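In the two complexes below, chain A is the common chain; its partner is chain B in one and chain C in the other.
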Partner chain A sequence: MKLSRRNFMKYASATTATLLGINLLGCSSRQSTGGVEIGKLSTVVMGYGKDHKLKGGKWGIGFFPKVNTLEKLVEYDLEKDEYKPFLAEKWEVENGGKSITFVLKKGVKFSDGDELTADAVKFTVLWLTANHPLGQETFESADVVDDYTVTIHYKKAEFLNLAKMAEFHMSIMSPSSVSPKGDVKGEWVLPIGTGPLKVADYREGEYAVYEPNVYWYERFGLEPNFEKLVVKFIKDEDTRVMALRSGEVDCLSDYCHGGSDYTPRNQLAPLRQDGYKVFKRGEPLTWVIAFNYTKEPFNNVNARKAVDLAVDRNEVVKIFNSEVYPAETLFIEKAPGIKEAKAQGIVYKPNPDEARRIIKEKGYSNLNVKLIVDKAQGDQILVSQLVQEKLNDVGFNVELEVLESGAYKEKRDSGEYDMRLYYIGGTDRRFYMRLYWRFHPETKWKVYESERTGNLCKKILGEFDESKRRQLLVEFYKAVYEERGVVPLYFDIMTVVTSPKMDMTWDETFKWPNGYEVGEPLFYDV
Partner chain B sequence: MYVVRRAVQAVITLLGVSLISFSLLYIFPGDPAEFILSIRYGYEPSAEDVARLREELGLNRPLVTQYLDWLSRALRGDFGMSWTEPKAVMPLILERAQASAELFLATFLISIFFAFVLGILSSIYRDRWIDHLTRMFSMLGISIPSFWLGLVLIWIFSVNFHLLPAFGCCGIKHLVLPVLTWSFSFMAIKTRFIRASVIEELSKEYIVTARSKGLAESAVVLRHALRNALIPIVTYLSMSVSHLIVGSIMVEVVFSWEGLGTLLVKSVFERDFPVVQALVFLSGVVMISVNLVVDLLYTVIDPRVKYGE
Partner chain C sequence: MVFTGGGIILCILILSCLAPIAGDPCSVNMDERLSPPSFKHPFGTDQLGRDMLSRVLHGGRVSLIVAITISLLSMVVGCFVGAVSGYFGGVVDDVIGRIVDVFMSIPEIVLNIAMVGVFCAVYGVSTFIVIFAVVFTNWVGYARLMRGMVLSLKEREFVLCAKAIGAGEWYILFRHIIPNAAGPLIVLATLNIGNVIMTIASLGFLGLGIQPPIPEWGQILNSGKNYITTAPWISFFPGLFIALSVLGFNILGEGLNAES
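What follows is the complex of A and B.
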């Protein structure tokens, strides 16, 4: 056989056609994705950046199911700085804050039909104590007073105990969530809660399928308008947006925790232009420059102040297409005490000339400082580059190290850095929790510590009286500002993007039917 | 004799790989027990908790004893429990292995087929349009990042034409875009390698002899040149098997394909050392096994290769 060009082309074409044919045959024989039937009008498909971890994990199940399948005893109103009844209709603080007795609402049912009783709350407390880092450090025990009254005993006497009850991790779950049922050391099965959704199916790393919890809808006098909510886990943010544009998903939601796995901010405007609905909410989650305040040069307030004065926050937010908000205060304006602090002139404003003067006067000119950033956080690399440019402009010599996540954590934990970007705050329910995690002297993930801020933080977290707490908060903001403990850059947002065919509103996305506004997206009315 | 020698070498290499895998836990500074507890609970553990766990896991024993214990369990497929998931390491890996194998095998077979076709065509029609086209294609394949190509393909086939899914795992329909993306770079390097190997063979004197004897060009290329070029090609292809675990990370991320690549990345980021140890060890085992098989295949490919002489 002579191997002519024609022969080669003939064989190659025939083989290619055969392979393509096999592929196309395969395509037409399958209509589903990942085993989930899609395409029904009553099925809504969502793209989400993180697995829901419905089989549990180090910190329990994911944040999405913690918000949408489980509920808390209390909810937090950030604007009024008030804890409101949710599963508990009232509560009483006892023993100076070391115990709280909660009286539960009657007639609340878990998605499996069992009634919410004091036993279920006690089970949750004991399960968290045995299995969860936050439960271990928080609870001592729980006593059932009667069917609908439970007293929780805490390790410390402080206001933070009440704040913690609105926290994601403290969501109440049915004893049937574990096997054997009610065993606090039992194996985790699936979350069974009183929230609007119940788990129907789950494949780790691929999807979670939820159905309406009819008992929840009855409780609020609503009718569910969907049969299934299929959440597809799509790690890559650009792929998520393209899946929305291709019609494979109907909506996208940011990761409920905030700060990562969100819809790219520079995609929001084009999506709006193309008819997609973008629901956006500002969060008390502030990205800041954190210093290594234990060593030269940033153990000195002047060096930190020079950094603060050098950075223009309006330029920082341009990186995010101005979808996030410049942070002139430590938290967003509706966070407790911020308005009062602002009225007292506690406002972070750029002044590069003053920064230059400080640097020259204090001998920091051309001082080598290291700014580290996690490679996995693409947006923070851009922010770091801008910070580097601004600081070099005023006289520092900033070395930017973009590190793999593991290496970043190593350097962060060992203190081999001068500056890094970090977040304080969180969604509304985390306001006091993050104050604790970031500024309390005894915590691991603190962002800054001084005697003044540490003492104020302790007092805030111990104070039950709202007006006294607010005063302390203002003093705290003042202390952080005067010491330039951190440099706030921008306030993060939480977004949900839906296709034009979906009939959602902002209120339905961020408020419970009773009007309580929460920081995380809700999906009871999709 | 040769087979025994190679098998012994393989066992020695395997022991080296196992030593490296085991050492991963001790490469990082600090006490592994403290490390495990801080990962498990998210905060600094007490000294009593650390001491208890050291005792429980046998970390107080001499390192050699610990290593031998780990190795004996590893050889039985027992790599312990994951530090971040409430499950054993081996089932965790096996769950992902099928998806990775599917993606890898489809990519491997398709790219090898086209690499051979294009490589041979390019070498036969050297410096003609088909050669230029193939070389340009190879350069593009090597230069274009997989994640970018993946997104472009999603944009074309999913967003614009609604022909294929943009993401998701398993099933032929879902395979098309990830395989296309990965094959493009996978194929490009191999095409160049095959082209170079065949061209080298075609320039040798025995090819001139074969042609002067009046053999058909197809016989000259396929039966003589290609067969002699196969040994370096097969060696090179065998090395591609390492991609089974680590080569598809970008493709897996872009297409939400839950395979071993994403598991490895996640485990490294979360410092889930038992999973990382297992993946490193198993990669080594796969590579060593494939190398052994390829060494034995040489005699089949080229009968002139006589082992033990």
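What follows is the complex of A and C.
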């Protein structure tokens, strides 16, 4: 068949128009996963900076599912310094703390319908002992006393054992989380817990989909007001904010661990202005200047004191648009023992003139000191530049090294630095755990150690009596202050930002329905 | 074109030389943070209250010095490799040709990111590593041009005459061939500086280049991206200077090319 020029043009035009049409259709029919209609069952889409690691890893699944799909035996009330019943209704400490017998609440169900029994707690303990670094250093064994009573035996007799039971990592999971069911050496499948959410779908590095765990809602007498919670993993913080503004996601949550992968603090005010809701909570997570206290010049308290006096914390918080809080004490005021310590005058205050005097008197003038910072912690680069300027102003000569994470860790571990920025504390549930990790003489991640602080730390973590522990904490804060073991800079916050159409409140974000306040954002009532 | 391009470059160079007059680029003043452009701070201030004019001009010094250094080093390496390849031919030419093909087959920026990433992870970030990484990928263009020039020049009468009177091969290469290939190489180098400025700025923007507190255009541009709606001047001025300097070098290169 011969194709005339006229026909060729006709067919070519038709084909081009069809292709253009298909392309246009493809562009405009973007799948909409977002969109909340208040009062109706719907899908809520969240932007989150970290993968939820639902397939597990060295430290298990991510912190978000550890808080929202699994629950702990106990919860921690930071303000009262009290451990409260959660999955366990009561407990008894035995053998000076080497064993704790937990009595479980009855009628609690996992998201797959199985009942929570002592066997599941024993399975969790044995699984953690076999597979998890914290489990390996903590547990010895577990005995089932009856269906709802379990005795956990620990390696050491200390109060920290109870504190650890409120930890992320000690969340109770169903034996069905592994295959074959209940085999502690079995293959990890998915987290199955008693928490408000259950995993519906997961694609590594891309998204996780959660559905309400109806048994949890029954337990608290609530009705879920959403069908699905889709969590998109968006690493870049600016992209997350843009996704919220464009309507691609309905809300943003900070990384539950705290300290990184958060909504940029300088974006919170403009978001508020534009009608977005910002829920914020101060955490006992303090960013500090940590010293290499094993070598000159910071093996000397005077050098450390000069650094402390040189830095104005009110200036540091301006970097974060004053959304975070200046740290005049080691932890936020509601942390145990801080009010008492403050009353005794343990307050970090700037005094550049005194810093200059110390530097001159002790011969530190123009002394070269190296401040290292991890490039992955973007805001810390700005903080470190401010610290550098402030220290140079009083007479030090600070060399700032911004390093790739790998190079940073290498220098940190080999001691090739004089100062670095780091954090102590964490969300509420980690208060004692981090005290252990940062100040106990035997841990790898400690920021400071002296005989005095080390002994006090050991005593605190061993003391079950709340009032004695508080007294020890005040002594500990005093010791760290007098020795200027670290220089606190600011208290971090945890935020959740939602679009105006979402119906969340602060209480629903940071409190369980029974009124227990926690440091991590909760998503049972979106 | 030569005058226009040269004029733009000259202006930027003069401004960069005058950078110390604009003040200390690292001087922090938290009371003046995020101030918009004003008489006191013509380019505004950044999130630490540092004067943006001073930072942009000091950044220009760093960016231009690094870019010119990279172009010169790339030219030296590329010329040598290309000249050897073209002049000696045979196996040497084949081996160098395949190496060049390998480099050409990978996008330059991807190779730069990989190089800087690997070296920085091991040795930490330094200006030397950035220079090394960019030179590592940048010499190829010079080598190809030089090889072509040598292949044509080595058959010319003055080279044959030099051979006839017994001049050594290296002598002929360095004394007769390379100087005669200089014209097109200078044009390429001029055009290349613009590309290198873009590469350094791209690496800086990605956080892989020169690190704070040393100001560098790409890095300043990146530091302003969080503030693009509230303090756009942090990104605008380094962006403008990157654009102007690339434009200047490109116009200059095109002009030299047209004149040659």
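The definition used in the following text is that the second predicted complex is superposed on the first by the 487 of 526 C-alpha atoms of A that agree within 3 Å, B and C clash if a C-alpha of one lies under 4 Å from a C-alpha of the other, contacts with A are read in each partner's own complex, and residues count from 1 in each chain.
In this section, a residue touches a chain if its C-beta (ideal position, glycine included) is under 8 Å from a C-beta of that chain, and two chains touch if they have at least 3 such contacts.
The shown structure was predicted, so the numbers you read here are calculated from the model rather than taken from an experiment.
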item: First, second, both or neither for A:Gly406, with chain B first and chain C second; value: both
item: Partner chain(s) touched by A:Trp59 [first = chain B, second = chain C, both, neither]; value: first
item: Which of chain B and chain C A:Asp274 touches, first, second, both or neither; value: neither
item: Partner chain(s) touched by A:Asn266 [first = chain B, second = chain C, both, neither]; value: second
item: Partner chain in contact with A:Asp238 - chain B first, chain C second, else both or neither; value: both
item: Chain B versus chain C as contact partner of A:Lys318, first or second or both or neither; value: second
item: Residue contacts on chain A - larger count, chain B or chain C; value: B
item: Chain B versus chain C as contact partner of A:Glu482, first or second or both or neither; value: neither
item: Which superposed partner A:Glu206 touches (first chain B, second chain C, both, neither); value: first
item: Partner chain in contact with A:Asp147 - chain B first, chain C second, else both or neither; value: neither
item: Intersection of the chain A residues that touch chain B with those that touch chain C; value: 238, 405-406
item: Interface residues, chain C side, partner chain A - complex; value: 26-28, 30, 33, 47-48, 117, 120-125, 207, 211-213, 223, 225-227, 229-230
item: Complex contacts: residues of chain A adjacent to chain B; value: 1-5, 7-8, 12, 15, 19, 22-23, 26-27, 30, 33-34, 55-59, 133, 136-137, 187-188, 204-206, 232-236, 238-239, 242-243, 245-248, 376, 405-406, 409-410, 443-444
item: Residues of chain A defined as touching chain C within the complex; value: 237-238, 264, 266-267, 270, 315, 318-319, 375, 381-382, 385-386, 388-390, 400-407, 411
item: Footprint of chain A on chain B - complex, ascending; value: 28, 39-44, 84-87, 95, 110, 113, 117, 120-121, 124-125, 130, 147, 151, 154-155, 158-159, 162, 164-176, 216-219, 221-222, 253-256, 258, 262, 268-269, 271
